Structure formats: C-alpha cells, structure tokens
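Order of writing sets the chain letters: A, B, C, D, E and F. Residues in each chain are counted from 1.
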C-alpha cells in the first residue's frame, strides 16, 4: 500500500509531461512494462523527469563500470538501507543482465560480511590508520 | 579513540593464537602492515580468527565476482551503513586493486542515486510489482 | 504480525492505567480511533504513559514549529529509518492537517535529495568546512 | 579526510564544466563561498552538474514548502542517516534562513521523538491500521 | 517473497554439504524445524556452513553472557537495522529461553530510548567528553 | 563540534529549570560529572527534563532486566545506529557497572553477527516462517 496514488496508463496518457517520460522509459528499456516506482513519482511530473534523467545518466549510459556491476552495487546499497522494493527490482535487473546464481550467492555473502565488519568496527570505534589517508 | 585497546606487535607476539592470525594476514596480503581493525579484534582471539577466516573465504579466494568489484560492493554497503573507517580502508583496497578515478566517480554516483531512490521508494511506500517476483 | 499482543478495547477497560491514557488520547485527538501503536505499547502501562505524555508535549502543544511542518519532519525521520508503519500513520496525520498533493510531492523530493547527498558526502567522506562551525 | 581530492579554486579555473557550475553556485547563493561537498563532487564534472541542478530545482526554487521548512526536513533526514557533514551544513543553512533557537530545540525534539517511536514500532512490529490506507 | 529460492527438505537431501549443516542445526537445537533463513542460505553451501559455524560459536556456546541476554542484544541490533524477519525470529528465540512479558516490555523501552537519545545526540552533534576515553 | 551550544556550569546556575535537572543527575549518579549530552539538551529546559525523567524511569530504576544488560542493549542499538558518542558513553557506563573484557568481546561479536545476518536476511528477503507468529 503506497502513501500516494500510482498512476495507471489511462491517466498517464492525459499528462503530456508524464507521458513523455513513460515513452522514454519504454523506448530505453525496449519493454512496455513501467514499474510502480515511476507510477508513484508521476504524481510530480518534474520530479519524475529529474529522477529518470539521472537514472539514465548513471545506470544506462556505457561507462567505466559494467552494467551488471552497477546493479550489484545498487543491490548492496538498497540492502543496507533496507529498501525491500529496491532489492527486488534491482535483483531482477541484475538477473536480466546475466547475474548467475553463483554471483548472487557471492554478492549476498559480501553484503553480509560488510554488514558484520561495519558493526564490529563501529562497536569498537576503530580509529583510522594513517596508511589509509588519501594524499 | 577506540572503545577497546588496540594490540601492538609486542603484545601480539605473546599471544600465539593472535600471532598465528597476524602471520596469516601478513602472508596473505604480502605486506607487513596489519591495520587497526585486526588490532582491536585481537582482544578476542577466537573472534579474530573467525572474522579473518571468513574474510579470506569471501574476499580473497578467486571466485565468480572479480576482486575490484568485491571492494566496490563493500564500499557501497559501508557507505549506506555510515562506517567511516570501512569506507576509507576499502576505498584504499579498491585503489590498490586498480580502481581508476573514473570508476570511483561512478561508484560514488551509483551509491548516491541508490540512496535517493531508496528514500523515494520508502517515502512513497511503493508496492512490489508482481513482475519482480522470483519464480 | 506484531511481536507482542495488541490490546483490544475490552481488555483496556480492565486496566485503569491504560484506560486513562486511552481516554486522554481520544479526548486530545477528538476521535474514538486509537491506533495499533498504542495498543502494543499498552502491554507496559508505564511505557504507554511515558511515550504518550512525550508525544503530547512535542507534537500536540502549540509551539514555534507549526503542526503540519512537525508531521513532515516526522515523515522525513521515519523514511530514513525505514519505519513503514510510521510513514503511513504520519502521512495520514499530515494529510489530516492539510498537506496538499503538491506539498507531499515536494516533501518526497526533499527526502530523496537528502538521501542522495547524504550518501555522496559519506562515500567521499567530505571534511567539514570551518565556515559551518557554531560560534 | 576525504576519500577523494577536493578541488581548489585554481584547479576549478582550468576545467570549464566545473567552473560553470561553481559560477552558478556563487551567483545563486550570492556568496563567494563554495563548500567542500561541491569540491569533492567536482572530480566528476557531469555528476557535479547533475546534483547541483537537482538541488537548485528542489531547494532553491519557490514552491509549496517554504525554504526554512525544507532545511529542517533536510536536517531530519541527515540526522537519521547519521551524516555529520550534512547536519552541520544544513543547520547552518537553516540558521541563515532564520531558524530561531526555539525552533532548533523543537526540531531536535521532534527528531528524537520520531527516532524513539520508529524504534518502538519496529521492535513490536506493529501492523498497519486499515484507517491509514490511502484511498 | 525471497529474491532467491528456499530449499525444501527433498532438495536438501540431495546436497551432502547442505544436508550436513541441516543435520547439525537440528541436532544442536533439538528440533526438526529449520527456518527459512537457512533454506535461503543453502543456495550457497559454503556460505551456509560459514554462517552456521559462526552462529554456533557466538550464540550457542556457554560463555560470559547468558543465552537470554544474547537474544535481547540480537533483537536490539535487528530493530535498529529494521530487519523484520530477524526481530521475529530472535523474539521467538528469546521467549523460548524464558523472556517474560515484563522483560520484553523493558527491552522495547530501552531500544526506544536508545533510538531517541541516538537521534538527539546526532542532531546536536555532541562532542565526546574526555572522561569517556579508554585509557 | 556541536550544532548547538553546550551550557557550562555558570550558565546552568542561572536557569532554575536546568539547575534542578542537573542537581538530580548529580544526586542520582552520585557524581559531579554531567556529560555533554545534557549540556546540549539544556538549551531546551523542557526537553532536558523530559529526556532525563525518561532515562531515569527506564535505565536507573530496578527492574526485570539488570543494569549491566541494559547498558549492553543500549550499546547494541547505538552501534547499529552509528552513534559514536552514545557507543562511547554507554561502553563507559557498562564498564562502570562491571562489564568484563570477556563480556565486551562477546557483546562486540554478537553485534557483528547480528549485523551480518540482518544483511543476509534483507538481501535475500527471507519470508517469515509461520512458526514465529505470536499467538
């Protein structure tokens, strides 16, 4: 249950600024499916456009980090932030980009280990070694 | 300032269970430097061994995710958890494994974007699309 | 599913210390509806009273921050903490206090942006500018 | 200590894409001071521009939520996320926009109370009342 | 809905490395019930073994902190991390180890109070008193 | 560096409502030392009184959970929330109440393990077993 309405396709058709973003999402992803996140954001057309443009610039464009790694990093952040929807949607995206069961298993283990050492370091309040300072 | 003592090398020499782990850290990493995290954990030799063995199994062994990607995932979790020490130590590790400035810049952008969409999704309490369900 | 029982009205009637708080909640809010949060807390009558008195002092009393702004701040904290119940209940409270769709859209955008810059700052470990120091 | 370099003004002068954003920050804020956050982001000129444009659109433009309330919401999110730098910079911004000591005291109390009830709700796993559902 | 498959008993029977851990879980806990957490981890037999061995070493072995206190500490961390499943499973474990309603009520209050003062301290960015430094 | 002023003893003397709370803190703790947290809260005398009364009711009064266990639960929450000041102050309090090095080592291990399994469960989105439901 959302705290805001999720716009259906009929409603989207009537708001040109939203329609334009949805068209671009469909064209970019080569799929008719537009997930609920965008349907919630569509209540604020300017926000919808801002977030989508940003997501395209960071996640869609070819760049120094490969697309699957990007999705795994996204899952890692979403897990630590406890965003259930985000974990599901980006795990689906990672699988669509070829993540194997072995890679998923390892990703989960790395996230778990980081969770552990983050807590150990924080509980002990370990001070930074000078060797880690950026010159 | 730690909430526990950090064991120096002289002290480590006197505790065989700690000495054995420190020797293995040095041999595995081909470096004499043992960072403060292990010196704090060394107060509990069994915990030290457990955490180190686990870190070796997850982060050091060759596996389905490459070493640099592992470090970037680690940085992502540590950032979302706000563990300053962990961000510094794993950013140093990622650089030692070849992370370029461009890759670091992108990593930071992905983490930031995930932080944003995690918050947007949570504020709107977006319900899961059935398309994301694992069969 | 709660990890504790939620007290129904029949049970509340039998515990004077709980009944007194429920009566005050109903009188203060001018509504017969007492939400599940208080029904869970009611297992510990002293805690129920402590939390309710505090909520009255902070959220109900006229003060330097207007009631709608208070609810928006509450939603912001609850989102960053990932408390789904709290996001729902305080979004409902904010709407009851007049929050418009435009204000809700902006609130969501501010929360999202803060989520992003919080993550960017933490990933880069930006040091404090001396200009921000309180004199 | 940052995990990336902070670009000084001399360096900024040599990178037109960064220079353009810094000029806009200075013009928009009517101040010569550009804080460290932007100097870290400047390592990735496209990211710098993306984040700044977004911040302008959300925080600077006149809109349905007044400027001081926006800053208080920002402080609330940053506190729950534990971003020390962000708490300092947005508390300074809120004060510059007229936040009184009384308002700051109340803001702190609301954040504290939300932190408490978020934890209480989560520990008891309180289920959502149907009354809070968005129609 | 998990992001990975949960292995049923028939499948577990066919994977000796998983079967061995499940047998040990059942023997250690003196119960035939193996909860979903282990069924998800079982996708990666080495991770399953690592996590189970660690849980046994920390939570099962007799040690300086009694078993019920350990579970209450676990609930405290899980609440602050917002892990609903973990809160439920460890609250069940704590009750099985004798946690009374009064103790649960107090535990919830302590967690709530810590959540509050954590947020107050962070919002005010209180500097450490030298008296708290470990010598 | 705090985002608010910390009241010194001379200033406290001039504000009876603050003075009364400080006197009670000193009498309750049988110590002249009043730590910075209360000096920051003192900017808002009503908030100071509310938080102190609550802390007394939850942490000081004899009850179903012993004083040392209460402090360990407090450290656990504060660690997961990343509140450095709180970790330091409550670790000092736990030591003052008799926490041994062995107990501290175990506490750190439990917090770390919970951090790990919280992340594992969240990454895999493990669904609740019906066996954990409260009747």
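In this text, a residue touches a chain if its C-beta (ideal position, glycine included) is under 8 Å from a C-beta of that chain, and two chains touch if they have at least 3 such contacts.
In this text the structure is predicted, and so the values were computed from the model without any measurement.
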Common touching chains of chain D and chain B: A, C, E, F
Maximum centroid distance from chain B, chain identifier (CA atoms): C
Distance-maximising chain from chain F - centres being C-alpha averages: A
Magnitude of the superposing rotation for chain D and chain F (Cα, nearest 5°): 120
Rounded Å distance, chain A centre to chain C centre (Cα mean): 27
Intercentroid distance (Cα basis), chain C paired with chain B, Å: 34
Centre-to-centre distance between chain F and chain C (centres being mean Cα positions), rounded to whole Å: 21
Multi-chain contact residues (two or more partners), chain B: 1-4, 50-51, 54, 77, 79-84, 87-88, 91, 102, 105-109, 111-120, 122-125, 128, 133-134
Arrangement of touching chains [line / ring / star / complete / other]: complete
Residue ranges of chain F in contact with chain E within the complex: 1-4, 6, 33, 35-37, 40-41, 51, 54-55, 58-59, 63-65, 69-70, 72-74, 76-81, 83-86, 88-89, 91-92, 100, 102-103, 105-107, 109-111, 113-129, 131-134
Sites on chain C touched by chain F in the complex: 1-5, 46, 50, 54, 57, 128, 133-134
Contact footprint of chain E on chain D as seen in their complex: 75, 79-80, 82, 84, 87-88, 107-109, 111-120, 122-125
Contact set on chain B toward chain F in their complex: 1, 3-4, 43-44, 47, 50-51, 77, 81-83
Touch list for chain B against partner chain D, complex: 82, 87-88, 91, 101-102, 104-106, 108-109, 112, 119
